[in-house]
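Some notes on the structure that comes next.
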Amino acid sequence: MDKQIALDIYKKIILSRRLEERVAELIKAGQVGGFMHPGVGQEALQCAAIAALRKDDYLLYAHRGVAYWVARGIPLDKVLCDLACKEGGTNHGKGGVMRVVYPELGVLGESGTLGGCFPIASGAGLSIKVKGEDRVVLCFFGDGTSNRGTFHESANFCAVRKLPVVFLCENNGWAVSMPTERSTAVKDIADRAKGYAMPGEVVDGNDVEQVYKAVSEAIARARHGAGPSLVEAKTYRLWGHWIGDPDSYRSREEVEKQWRRDPIPIYEKKLGDEKILTEAIKQEVEADARAQIDRAVEFMQKQPFPKPESALEDLYA
Amino acid sequence: MRTISYAQAIKEAIEEEMRRDPTVILYGEDVANFGGIFRITSGLKEQFGEQRVFDTPISENAFVGAGVGAALTGLRPIVELQFADFLFTAGDEIVLKAGMWRYGHGGAYQVPLVVRCPSGAAGVGPEHGQCPESFFMHAPGLRIVCPATAADAKGLLKSAIRDNNPVLYFEHKLLYATKGEVPEGADYLVPLGKASVRRQGDALTLVAISAMVPKAMAAAERLASEGHHIEVIDPRSLNPFDRPAIIESVKKTGKIVVAEESYKTLGVGAEIGAMLMEQALEYLDRPLKRVAIPDVPIPTSPVLEKFVIPSEESIYAACRELLN
Amino acid sequence: MRTISYAQAIKEAIEEEMRRDPTVILYGEDVANFGGIFRITSGLKEQFGEQRVFDTPISENAFVGAGVGAALTGLRPIVELQFADFLFTAGDEIVLKAGMWRYGHGGAYQVPLVVRCPSGAAGVGPEHGQCPESFFMHAPGLRIVCPATAADAKGLLKSAIRDNNPVLYFEHKLLYATKGEVPEGADYLVPLGKASVRRQGDALTLVAISAMVPKAMAAAERLASEGHHIEVIDPRSLNPFDRPAIIESVKKTGKIVVAEESYKTLGVGAEIGAMLMEQALEYLDRPLKRVAIPDVPIPTSPVLEKFVIPSEESIYAACRELLN
Amino acid sequence: MDKQIALDIYKKIILSRRLEERVAELIKAGQVGGFMHPGVGQEALQCAAIAALRKDDYLLYAHRGVAYWVARGIPLDKVLCDLACKEGGTNHGKGGVMRVVYPELGVLGESGTLGGCFPIASGAGLSIKVKGEDRVVLCFFGDGTSNRGTFHESANFCAVRKLPVVFLCENNGWAVSMPTERSTAVKDIADRAKGYAMPGEVVDGNDVEQVYKAVSEAIARARHGAGPSLVEAKTYRLWGHWIGDPDSYRSREEVEKQWRRDPIPIYEKKLGDEKILTEAIKQEVEADARAQIDRAVEFMQKQPFPKPESALEDLYA
């Protein structure tokens, strides 16, 4: 893995984690309303996978955390304004932080119903194919969401038409209070790829390199006309389902144990061993993240709310 | 009489009916181990066991359709959707399967299914905040229930569970915490299809649905203090729909306002307006007023949401206009 | 002017728009190799190639939703559902995705998608014979088009394809074989949202939708022969909905009948009645008449189907009653 | 295989084929209206699978042909009246021949939308499980229908809850004009079972014994609490998609070739070799089929149409 890429991913992971922490503070302090499903523990796979995309590729992110947007390079100002449902964000309060959108970077937005992403991703793949482009679509989804029928239909549709779509499952062990082994009949969701004759691969989602490699390969296949792939990244949701979740449905021991697999120290050790990361760089990255977040929060706080009547805009083109 | 919350009333109804009838089961996402994301069903799994109260995968087609299949074969399933909006993800299972299975098969089977649908704008945006009752009021075969008070929440849900037809039971998220007097005893039922006159008056008829009822009552109070005594009618169910109750009231008042959280075009107010024009035209002395969402999705921002969702103020204003 | 069938008109519209704009694509079940089960699209695959005209697996969620995704990313997909009823199997993709994607994302994208929906009772039973327009007229964000003549079938479809919003295009199965004059030339367009006054008169306003239009015209003819000159209005699209055209007519006639193949409760007639009660109450001198399906699913037997589907006779009778 | 069962299946196959032929005649002669998707070529698997059911089991048949009803023992009178949308059938003209229903034999009816059967079947399975019964559900579907999302959701749902449901795919090579290899990304649909950790098996659908054995085993597993299975029966649709289909989308050679795999002569040869079937029995079976059909057609012809106003009945219980 290229050193520069490795370090970039690191920076984005740190920025994501710090932003997530700040968002949680803002919400708990009642400074912003809104709804956030924190991605703490899953940033490594999210940032690594998105690092494998080209700028003109399409992205369908999932509902879990801020790292997708950070990794894709959407300005933090905008993300925070969407969180606060203020002007200055990407959707003018229409969709909040669950519908961050960024056409310039192929960020198509989010479906409020889980699994709504799969057909949309397939359609973006169809566009690419029909227009003869060499772009790809990366579509994130959770273990719980893998049980929606839209997954099946879309996987098959992409496979029979050889559409350039990479399906990336973040298997974090839970869907709200439902553990994966009770929601999902198969041990490895990647095995479902066999039902569509597409490649399916399991990787450790807390290992940046594994994710980057598997997703890059899947993207390369898609880009060269070999059709869709399924990658399953095993990870864990370290925080509750949403900010404020009592998280009463799983044991503290389980969560404690998983904190020992927190991808950040793992990655730091690895980058340290490879002499990519020094204590000085680390502090610089942290300071830079803090500064970026401070600036963005300040920007957000100064932004106005949308005009009430603007609720009537943006429906028809 | 004791006072309990709308949420508690729903739980009591489920609990009592499950105790009464072993064929009643309850399932949905996160209802068993977690007690539901709105915490209505906590403790029920412990009480009735994992066969009768269980969590499902995120598979709305399968589990709503399975509700139909289970109802055909002798159970009385109560299926919880996490948000009423997800009815659309199971559109076929709701409209064509639940609504039409009995009819299409010449009455050979009945479909005693209840689908619980948490509805209503609450800062959760276009796909989690709808009151989609009107879509389904158009569909033949589906009972549509939308309680506004704790007492009705309980009595109507119990009736819905005992009903032999598929019932979409809309529970408004903003009503969960509201409290009201609810009769004790497992025999307390509220029949489907009977409107409730929440307040009597002869100046104007105000029909209010679900979370609009408390807003309508507040508006009526204000109008009363100004000397206008209006009648507030809560239909409580939209199928069956108590048409005579509304027609009778309008014959007395000559004026009607409908307040609802549907999109305005083809919301419940449309049916009421057309019905009155068919059956009570000569009694109407002022135009219809529909207070509803102005035909846009529900925006996420509270500022925008407030603009589109009918309020006590907008209901009051509509009544005022007719009373002038 | 040359005379062609409604089916042929649809094909011409697709053909011309595909020729005009390389981003227009067409897909659905059996549309390419077989030319569609109603044989509308035969030859198009040969003309435009398998990338632009292709058959899909039986996966309505995926391929309708893919239409949305493709529309977001620069194509103008025309998606054929084999029957309009299957809109319910793709309920989420239609109502929440196609209808709300643009709004929920603050207008960042547009969704130039056309979903072709063969509608109407034709001996095919409850799940293949509906005219479900009214369900979707309630949904914000969806254009709803329902041509009644060959000329409109062509002109409206071309406009729908060029429109930047999602359009549900309802083509009535019993109209496919009907013929009419259709202007030549690729520039012939009929704008969405403009009603057509099919026949002028001042005795009564008869609004008729889709396959009800020819029945309404026949009824009007019969009434004319009896000395009653009624006005027949075909809205042609339900969103946008040409409200002024209907209101103006009723201001002249004072009487209204709505004929449609929707279920009566919350059918289009409900919206028309409520709108008139809001905006034209003082002009109404007779009650509203809604000629529609009596709130049951569509039975398969032709004998039963005939009983529930509005006919020339039942439209005539409704008008007669108001004219007496 | 038990000789009596083998012969019973034979009788039902012949009765189905002859009934199908008669129905086609009636439709072509305009004597009944209606809609029929003929099952010619698939009767062997349909009759063999249903023979494996117990009387109190549940059946969700597919839209392909009359053999399901014949095999299950629904009186022909009733089937023909449903075809003609007359009184005396099972649904009083409400659903026609596409919605034959028979509660006494667990025949639950049919979904007009393909794939609507899967959740219904799952629900019947759920009933059985909750009530602690040892019944099972047999759910037929086509290769094309295997691509509906409801299949995925239901298979997973049945698998995680170990519901007694047997999913039986009739892979007849086509879905209207769409060949299976273009609609379905995987060669063997049975492979999709892996995505739900359930047994999946491919059998020759034109071989009665193979089908009977595989379905019996799947039923036995279901009955004993081992959960769902998927059986794929490879077969071929020898006639058009519906009576009147121009069938212009496939080559005559292909169809000709498949007629050589017509399950009836294959089964006759086998039963002959095993001395179960003699020429005399064969003629008796044929005569009996003809007589049964004649009687049923006559019954149907004498039955009245439903009363028009009865269109308003049967909606609410």
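For reference, chains read A, B, C and D in written order, and residue numbers begin at 1 within each chain.
We adopt the following convention: contacts are C-beta pairs under 8 Å (C-beta built on N, C-alpha and C of every residue); 3 or more make two chains touch, one makes a residue touch a chain.
Since this is a predicted model, take the numbers as computed values, not measurements.
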| item | value |
| --- | --- |
| Joint neighbours of chain B and chain A, given as chain labels | C, D |
| Of B-D and C-D, whichever chain pair has more C-beta contact pairs | B-D |
| Inter-centroid spacing, chain D versus chain A (mean Cα positions, whole Å) | 45 |
| Inter-chain centre distance, chain B versus chain D - centres from mean C-alpha coordinates, in Å | 40 |
| Euclidean distance of C-alpha centroids - chain C vs chain D, Å | 36 |
| Distance between the centres, which are taken as Cα means, of chain C and chain B, whole angstrom | 30 |
| Junction residues of chain A - those touching two or more other chains | 93-95, 99, 111-113, 147-150, 153, 156-157, 160, 182-184, 315 |
| Sites on chain B at which at least two other chains make contact | 56-57, 59-62, 85-86, 88-89, 92, 96, 103-104, 125-127, 140-141, 296-297, 299-300 |
| Chain contact graph, described as a line, ring, star, complete graph or other shape | complete |
| Touching residues on chain A, where the partner in the complex is chain C | 58, 89-95, 99, 101-103, 108-109, 111-113, 116, 118-131, 149-150, 153-154, 156-157, 160-161, 313-317 |
| Footprint of chain A on chain C - complex, ascending | 23, 25, 51-52, 54, 56-57, 59-75, 77, 92-93, 96-97, 101-112, 140-141, 164-165 |
| Chain B - residues contacting chain A, complex | 29-30, 33-34, 37, 55-62, 85-86, 88-89, 123-128, 294, 296-297, 299-308 |
| Interface residues, chain A side, partner chain B - complex | 33-35, 85-86, 93-96, 98-99, 111-115, 144-145, 147-149, 175-178, 182-184, 248-249, 305-306, 308-312, 315 |
| Touch list for chain A against partner chain D, complex | 147-153, 155-157, 159-160, 182-187, 191-192, 194-198 |
